[in-house]
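Note that chain A is present in both complexes that follow, paired respectively with chain B and with chain C.
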Partner chain A sequence: MFNSTLIPLMVVFPLIAAILVNFLHKKDRSVKTIAIISSIVAVVIPILTLYGVHLFSGHIRTESFPEMSKLLIPDVYMGIVYAYGPLQKILLVLLTIMTVFVIFLSLNKKLISGVYIAMIFISLASVSAIILADDFFNFFVFIEVLTVAQAALVIAVRETKSHKAAFKYMIFGSISGGSILLGIALLLGVYGLLNMTDLSNAIKAGGALQPIALTAISLITIGWLYESGLFPFHVVKSNMYENAMPEVAALLQLQSKVVLVAMSIALLRIFSGYSLLKSVMLGFAIFTVVVGSVMALQQTDLRKLLSFVAVGQAGLVAMGIGLGTSFSISAGIFHAINDVLSMAILFFVAGFIFEAYKTTKVDKIGDALQKIPLVGLVMFLATLAISGVPPFNSYQSELRIIQSAVQAGYAELGVLVILLSVATFVAIIKAFYLIFMRPGSTAEIDPKFKGTMYKTIIVVLIAMCLFIGLFPHVIYDPIYNVIVALGV
Partner chain B sequence: MLDKIYEIFHDRMIHKGKGVGVGSGFTSEFLMISFFLIAGILVLRTANSILFALGSILILAAILFTVPSVFRVEKENTDSINLTSFYVAISIVTILIVFFAGSGVLI
Partner chain C sequence: MEPFQTGAFLTAGVLIVAGFWAIIMMDNLLKKVIGANFVGDGVNLVLIGIGYKPGGLIPEVTPHFHASAIPSTFSHFLAFNEFAELASYPLPFALVLTNIVIGASTLSVMLALSVVLYHKYQTLSVQKIFEAMEED
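Right after this comes the complex of A and B.
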């Protein structure tokens, strides 16, 4: 009873907060108060909620009358279902904590308004629903809402290039959204079901996939590539990260990776017996890893560089998932969690530099280590973390991805992961050297900017990276158990 | 030959942070060549087909002939809608072919 009331609250509560702050637009003090209280409550809800399943409108599992309805399974869910387990809890706690950080950093900005904070809450509600939903259509609806909210957050920067980035994101979003919806419609036509668990059972019972179901998988895979920011949509996604405020970019890359994980699990569950899907995922993931790293190495703007690193790392997560074994999928999801933490630190550092110097061009800033030593130290540690250097968190996940690649019989991919780590390190350390150690700076630091909130948050996050690196089983074991239980 | 390649990188990357820029250019080229070699080895090892093997060796040779390849990758990864649409179309076709041919529907 207790859990069945709290599970939908994880979606409903941020939506209520969004409506409230939107309603109080321009009343900055009220918006700030509601935003702070609501974001903290949003963190508490997933911690308090017990594991379980919530059936909307109380519709229980019902007989499907296979002889009359031609459904391939004896009983089905009649309503929308939200499932909450250990994996959902880890993802939701991470998501809500990062949202709190982003809201705290955004509250002191001039562009702060009720609508801006409302968009952050709507994106939180959407990703929460995507994580929880066991209903494919509900899943799709919130993916669309998320796309709009993300575009709005980028448009709020009010620069021409931000508008262009959001416009392109929406154009390709319409292609992707249309593909997913058509895919779902085709599956509904063939199997008469929208619930993912039921669809999975029906597809297993139905034997070989019909051409119409193959078309559906193809269309949904296109949507998966877009939502995850993988090739060929990597440029669109990196453009969004680059043109958002850096702290919002940290949130966007987190949301993309959480959606990547949620959608991958959904696809692997529904089409669990279809091995070609994993091969396609792996192929696009490898391509994204390489292109993302190569592009990151070419950049001279810290935000653009980090955007391509984030895209490359998403490829690495997808590579783990695409390898298709329980070990590799768990390692991929574990890497997604580790990566969003390290990437968030780097984006927050970019945000601090942007606030202090009014630019993130690495060739304009120099000698910053003497002026902001703590930020320099944390950026260096975050560079080590994201490059997979022990004792930080990404070392644990990258090691597991390499091990799983070797176990799956693809030792070459292990070599590729090592090369990616080296390339990531070179790309970010180049920016670190130019910003913090190179003598001479053409940009002047703003002496009034203290950035205490930025400094506190990046120190907390690097401590989290270190903690997970030293005690990986706290996060990894529940993920592995869930993946084994799902049987994907 | 190495001197010539260095000169190409020096000319293209000098505005991207002096020696550091040239170094990152070389690193990305190294990554690209390694990727092609690894992909080639993977295909040769797993495909178990002479036709596939010959094809992958020919593609690998053609790619290595075009060194340095990073500048081409950079050119193809601009944020232009036209280019992205082109690659989206290619990807959709590739996915459809793989799923249909792989499931024995096309072949």
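Right after this comes the complex of A and C.
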């Protein structure tokens, strides 16, 4: 029963859920019921689905008619293709679990707006499609849909700052979307193909890249930088994180990192023979790491601080991928998974603090450890986790990134990774001290706020971080096998 | 390259450059939105130029091909090879249609945000909005 025909359901089901909750807007009880059931079903679908390829409309791979189409490859896909393997499964399960947490927190906070929940489901469907799509145009369509959904989630805060952040995001999104589509158009003009597997084969068969294809790579790389929140678009992305509700920020940073991974793999697969691409990726990643960590150290607002830490960590993921070896790419993807878990805990802690104190300014809150000891303990552990301290998960991935950098002949990048870890630790532990240990607080805690849902979720997440840290091969090995098989 | 394609690509280039210029240099929110729309339109024009074939059949409206047909037995059908040689490439047009839909939704969100910001600050100038936000 559960076979690869369930693959498109991972995109279609959240879309149907989005339509339903949008239709039932203001009918709070119905929205709540549908949202809870749908989000749980969304987690179950990727777990039950078997690995495979889904051909939309049943279009099978067919002859390319080289005498007419001038294609150098013998056969091509004639329709949209979704591919589902171990890497996709890991990313989708992680994505859906985090979406469940965010939906539960939103419902718990009486944010039961049909439109708001619909936007969460649309963003889930978009990222699922980006992970699954083997078709460049489908990829582009869902990147654009994701941009609109993410902007809508930030707009929902209903503050002018959030409107400004969303507007900036949309404007830059139109530049990035235009770049990606122009790149796709140029590739279509040169190779007549949109399927990533076919494009990769055609480019390999065609030998050296034509100048127009190089222009296409540059344009798509601009889109990659924007969608991943890397330098020089890091400010736009961090603005989005800091102006969203903290739990939504946790979801946004997860989505950005998943898109970063999916898009990087797509680029590396298609242009695997073009080594300059990896150097460009590495260059921008280094800039992002440096800028992200320096900016994080300067912040006095917890949400802003975490936003820049998230950006810096995205740079670290891109660095692993940009190093370009199977080992480093796997380590980069592994770090993306570890990092989104740790960052999510920190954003949820920020959400708890915001709900309890109505502010996240670190200089206004103090002595919180006596009032909310569990949250303080989990924040401390999450700080250790994100800084790469054993036995937590990020230690395993950062160690692998450092090892791969040394193996690739860039030992200095290993030093940069250690410096980033130290900077991250200093930035967050400073905020931790000010919020939880510094005597005296100008902000009063809301005595009615219990935050049981927040506490449960952060405890579950820190347990996941510890589990991955102790048993890294459960996650890392499937990723490494996929990357070796892809030959990127 | 056909003259139509040359014209399309040149116009697209002008649209894209003008769009980027408006986004980066213009102070007015609406002009930025229009610039963003120009970029999308320019890219659409590139796609249309790519799909253009002089005198080509339009696959969506011309009679279908038949895998085993020969023109003498099915006069209104074309053999696949003949059809494929004569037809325009339909994929770019499908992409343009999709991009128009996406562009419309993005445009509507950007315009809605412009309206909200205008109601709040009574100006469309980005600089004045930023100054007012700093004062807040």
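Following the convention adopted for this analysis, the second predicted complex is superposed on the first by the 483 of 488 C-alpha atoms of A that agree within 3 Å, B and C clash if a C-alpha of one lies under 4 Å from a C-alpha of the other, contacts with A are read in each partner's own complex, and residues count from 1 in each chain.
Criterion: contacts are C-beta pairs under 8 Å (C-beta built on N, C-alpha and C of every residue); 3 or more make two chains touch, one makes a residue touch a chain.
Computed from a prediction, not measured in an experiment: that's the story for all the values here.
On the superposed chain A, the two partners chain B and chain C both fit, without a clash.
Residue by residue along chain A, chain B and chain C are tallied for touches, and B comes out ahead.
By the touch criterion stated above, A:Ala18 is placed in contact with neither chain B nor chain C. When the shared chain is aligned, chain B comes close enough to touch A:Leu225, but chain C does not. Of the two partner chains placed around the shared chain by superposition, neither chain B nor chain C is touched by A:Leu268.
Look at A:Ala165: by the touch rule set out above, it reaches chain B but stays clear of chain C.
By the touch criterion stated above, A:Ile175 is placed in contact with chain B and with chain C alike. Applying the stated contact rule after C-alpha superposition, one finds that A:Leu188 touches chain C and leaves chain B untouched. Once both structures are fitted onto chain A, a short way to say it is that chain B and chain C open up an angle of 90° at chain A, using Cα centres and rounding to the nearest 10. Using the contact criterion defined above for the overlaid structures, shared-chain residue A:Val141 touches chain C, although it does not reach chain B. By the document's definition of touching, of the two partners only chain B reaches A:Val290; chain C does not. Shared-chain residue A:Ala151: touches chain C; no touch with chain B. Minimum Cα-Cα distance between chain B and chain C in the superposed model: 6 Å. Touching of chain A by both chain B and chain C, each in its own complex, is seen for residues 164, 171, 175. Taken together, the chain C residues at the contact with chain A in this complex read 16, 19-20, 23, 29, 32-33, 36-37, 39-40, 42-43, 46-47, 50, 81, 84-85, 89, 91-92, 95, 98-99, 102, 105-106, 109-110, 113-114, 116-117, 120, 129, 133, 136.
By the touch criterion stated above, chain B contacts chain A in their complex at residues 16-17, 20-21, 23-25, 27-28, 31-32, 34-35, 38-39, 41-42, 45, 70, 73-74, 77-79, 81, 83-84, 87-88, 90-92, 95-96, 98-100, 102-103, 105. If you check the complex, the residues on chain A that touch chain B are 164-165, 168, 171-172, 175, 208-209, 211, 214-215, 217-218, 221-222, 225, 231-236, 239, 276-277, 279-280, 284, 286, 290-291, 293-295, 297-298, 300, 362-363, 410, 412-413, 415-416, 419-420, 422-423, 426-427, 430, 433-434. Taken in their complex, chain A has these residues touching chain C: 65, 68-69, 137, 141, 144-145, 147-148, 151-152, 155, 160-161, 163-164, 166-167, 170-171, 173-175, 177-178, 181-182, 184-186, 188-189, 192, 194.
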